[in-house]
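Each of the next two complexes has subunit A plus one other chain: subunit B in the first, subunit C in the second.
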Partner chain A sequence: MSDPLSAFHLAVSFSAFTDIDFWTSVGILAGTYAIFATGLQMNVGFTGIFNFGQVGFMAIGAYSMAILTAEHGVNFWLSLPISILIAIGFGLIIGLPSLRLRADYFAIATIAAAEAIRLVALNARDLTNGPQGIFGFDNSWNSVSDSIEEFIVDLGWTDVPSLFPLFLVTWVVAIVLIVGFSRIQRTPWGRVLRAIREDEDAARALGKNAFSYKLQSLAFAATTGALAGFVLALNLKFVVPDEFQPLVTFIGYVVLLLGGLANYWGVVVGSVILWTVLEGMRFVELPLSETKIAALRFMILGVVLIGLMAFRPQGAFGKREEMVLGD
Partner chain B sequence: MTEPATAAAPAPAADTGARAIFEADGIVKRFGGIQAVDGATMSVGEASITALIGPNGAGKTTFFNLITGFYRPDGGRAVFAGREVQGRPPYMIARLGMVRTFQITKALSAMPVIDNMMLAAPNQPGERLRNVIFRPAASIRREREVREQALELLEVFNLAKLADQYAGTLSGGQRKLLELARALMTRPRFLLLDEPMAGINPTLGRRLLDHMQRLRAEDGVTFLFIEHDMEVVMNHADRVIVMAEGKVIADGEPHEVRADERVIDAYLGGAKVTPPGADGEGASE
Partner chain C sequence: MLLMLHDLQSVSQRGINGLSLGAIYALGAVGLTLVYGILKLVNFAHGEFLTFGAYMAYLVNVTWGVPLIFGILFAIATTALLGVALEKLMWAPMRGRGAGMLQLVLMTIGLSFLLRYGIQFVWGTELRQLDVNVTDTVNFLDLRIGRTQLIVVVVGFVTLVATGLMLRMTLLGKRMRALSDDLELAEASGIDTSRVILWTWIFAAGLAGLAGVFAGAVTQLQPELGFELLLPIFAAVILGGIGNPFGALAAGVLLGIVIEWSTFFVTPGLKLAVGFVILIIVLIIRPEGILGRARTV
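Take a look at the complex of A and B:
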């Protein structure tokens, strides 16, 4: 009664919304998924191939980097491009047999491939240390992170969250990728991808090697998957098989749907909306147990997705015409 | 011409006068137990307009799919401009200059009309990732050229006003025209059209036929088209090839083929009747 704010306080713990440490972590998550889904956008939104194994590329990227650095003493910065090449190699191995399949079978084949990768990571203990995972690959990164932090402190912001440098780097990578992918999509190369999305046979009849373009598209997805894997590993400071459940790919698809297909910037919007809503709901205090609130978050997400499909199927940034006109 | 049409067992290029640009020899395709194409043999003269006709299920479209790489033949040879094409992937055959359209139009619906056209242009360095990154200027230069050609061609087909519309918003007939215009963007030497007139109004159809004649006369483009409209076939084709049950049963000039008993049999299911329209010129036998 005395404090008019107390009623409000009951519903939302307002102070948490200004918790910069917390939102830095959410920002890293959103950035990771933006990177992750950029390649997915090229596959699904622009090439029409339903890659349901994106998390597999994330796992390959993260594990390759961790194994090379922590187990074999390879320089951290060198391990990054090598790991990307390994992920692309896996993309080609998965794509060569399965891209000849019809779209739906390709989806099944990729989800199986990603699960195979996770299960190998879980069981090939000599290589991956099994469920305990791998630590100690991030020394080089930590020193870079410290210098970024010092630099920011010098600028006058004294209570920098320790994860803020990772947040910065993640979003720089995400933005660079999205600008790059958007530009490449506007070239004749990107036009061939869209033609394949529309009608593969028409593209082939006009002299386009559709199979080769689909492989290239998958290689791009493998690249962004690996990059997202690096960020995830640096964020967690360890790499464990459990982080690479198929759910990660599905969340990537939710990001695509929220942001809209066939627009790379939609991936940013989708990812930010998704993680703000999911994590922000932690602070809505309800007379419920914590496990129920955790479940409620996903129920609300489900309702949002259903509403989106019903009223705005193109998502935030997609073009409605491109959705409706698909034969 | 002096030779009676009844003797027109497939005699490759014997009386086309012109050199053959395409020859198929004994093309076979089985689907399970069905012999869809059963040793089809034909030759198409350079710069000719040749019609491929036959009753439904004769194997015409399957034959197109076989010679353009969409199906793999179980036997036989197909030679285009001195190169064997059977078994090659479609994109390679298209790049050789042997380009097809589809019976059911394949307009790239969620792409603008102009993009449909520009996509088809050959020799675009910007379609290779390497060039996109290292030689962007070459790609942009070529794009400018291609856009101009595309707009010119759209003008011919009355589609210029629709250049920026999504192809999916076009009518069925307009899509048909777009598909032909798009095929022409590839600068083909040999165009295979699967029922190009189906679904377009007579005025546009005439425009299309005029354009075919012009391309043949000016650029020496060869046409092989599947058509059911006999008026079009008889008046516009220099040569007619007839397929039935997977085989080529007749091959000759329109008036010869029209009088051929086997053709009449094939269309009328083997019944020995003389169709009233056929005895005019056919009476000479």
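Take a look at the complex of A and C:
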């Protein structure tokens, strides 16, 4: 905005399109949301339960890892599985009472549970350090990151971005998860989930404990939520309550719906499109202030969500035969 | 028990805070529950109606420098208009296409983004204050009570009682409740349902606009004002029995008082979490709501 001419002309700075550091960050963001939304896809696309509290699991994962590592000296790599187990524990605590409810009540109960988690993180200063958040949990990761960086430099790419190792790890995790979840979905267990989505009573009549399957589906979502939380924490290098607003879950739904329901690869498509567009907008120099541009990004997100639901409820690339919201 | 532990002054001051918060919740909840009952629409954009109302009052009261009473009337009118416009543009066409409930829920979330960040686009994120005296107090039976708070409580409760009477006594109120019970049956018995639906939006959005002005008057305006109130308003709706306007009125007031008094036991930052925990407990033990009728949930 410092250039007086650009304040009056719509200009696109093409040089920035080749800024590798910038696109590495965007890639990490897209990967984080792909991981985040993979669990949502199992819940919404394959089980038909409307988990609106996914960000709560992300918060639990990130905070558990940070607290165990930075405050209690637990080994970083050991803290990851423990944190996943804690997130699954919360998934069960939230799911046990609320999964018996009708879909709309479940949605409200889960968003309330996620907000309760964020408010506790904001106020339980002894545990979470309140709004200042937690730092210094990433030493072990940093040394691994440095080794990956050195390895890449040895391969001949000398100006590798410092976040590139995290980018690689994020996408390895995302792809492993998606391949794994797609396989799980083809097992008899996965087919029961789809049966529950199509007709819960019929699944019950066949002797399937629908409640238990839904609870397991929620536990899978808690797992991917926690994993996304780890990546977010390593990317930011701190964990603060403000990163876990309900907005995050809703962005997860936009990712899910853009890519299409009932298709795990859809979350990759959705996340890459969404973040490329949202972050790419930074290069369109609008004669507007920082806050206005931030607001505009979310207004576009809102319009995309309204438009998708009005005209393509199966998602931009979803198959209508497989799943349409609202049947 | 509260009186034994704390002095009368702070119990009653927080009681008044609770009543004003409760009035705001109740005004928000009654519209949300009517819209749910009649249209089966879980409206996540209802919070933004409050925010919109607050900024409309700000426009009149601060930008144009007109007394707040006109700001309040303007806020109610414009928010009601917004409700009607959205019904015509979005909800009626979507109902015509037979859209499912969760498809509509996600649309309301999109709409909530559009409205909230539209407000942020125009007014920015800075905290804004309506032209009200927030420090002036009134002495009442040796108790000092914030004047703005008192006005909110009085006007809020008059409006709540009037709303209750409207629903109970007038033909329109009876029709609204009939639609809420069974839309097809109401239509079959000759009620012009689309007109009643329009009036429901006028009431729901207008009352939300008023609640937003109140919330702005006792705190400050910012684009998340209404969204932050939405979950406790949902809690009041569910506590009162979803679709039951009288339940929502009572539960809103009750929830406001409980949340404010909970600050005697927990840090103020956690008072909303107390509300959510109450919501989740009620969902577990009595999902039809404290005042709701038992039915499948």
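The rule we apply is simple: the second predicted complex is superposed on the first by the 297 of 327 C-alpha atoms of A that agree within 3 Å, B and C clash if a C-alpha of one lies under 4 Å from a C-alpha of the other, contacts with A are read in each partner's own complex, and residues count from 1 in each chain.
In this section, contacts are C-beta pairs under 8 Å (C-beta built on N, C-alpha and C of every residue); 3 or more make two chains touch, one makes a residue touch a chain.
Just so you know, these numbers come straight off a predicted model, no measurement behind them.
Judged by the touch definition given at the top, the superposed model places A:Ala316 against neither subunit B nor subunit C. Looking at the shared chain after the overlay, A:Ala295 reaches subunit C, while subunit B stays out of its contact range.
When the shared chain is aligned, subunit C comes close enough to touch A:Ser98, but subunit B does not. Of the two partner chains placed around the shared chain by superposition, subunit B is the only one that A:Gln216 touches, whereas subunit C remains out of contact. The larger set of touched subunit A residues comes from C, when the choice is between subunit B and subunit C. Using the contact criterion defined above for the overlaid structures, shared-chain residue A:Asp199 touches subunit B, although it does not reach subunit C. Of the two partner chains, subunit C is the only one that A:Ile108 touches; subunit B does not reach it. Applying the stated contact rule after C-alpha superposition, one finds that A:Ala116 touches subunit C and leaves subunit B untouched.
In the superposition on chain A, subunit A positions 324-327 are in contact with subunit B in one complex as well as with subunit C in the other. Residues 184, 187-189, 191-192, 194-195, 197-199, 201-210, 216, 321-327 of subunit A are the ones that touch subunit B when the two sit in their complex. Across the interface of their complex, subunit C is touched by residues 50, 97-98, 101-105, 107-109, 111-113, 115-116, 119-120, 122-123, 250, 253, 257, 289, 291-292, 294-299, 301-310, 313, 324-327 of subunit A. Of all residues in subunit C, those touching subunit A in their complex are 42, 90, 94, 98-107, 109-118, 120-121, 124-125, 223, 231, 234-235, 238, 242, 267, 269-270, 272-273, 276-277, 279-280, 283-284, 287, 296-297. Those residues of subunit B that touch subunit A in the shared complex are 68-70, 89-91, 94-95, 99-102, 106-111, 115, 118-120, 122, 124, 126-129, 132, 136, 139, 142-143, 166-169, 182-183, 186.
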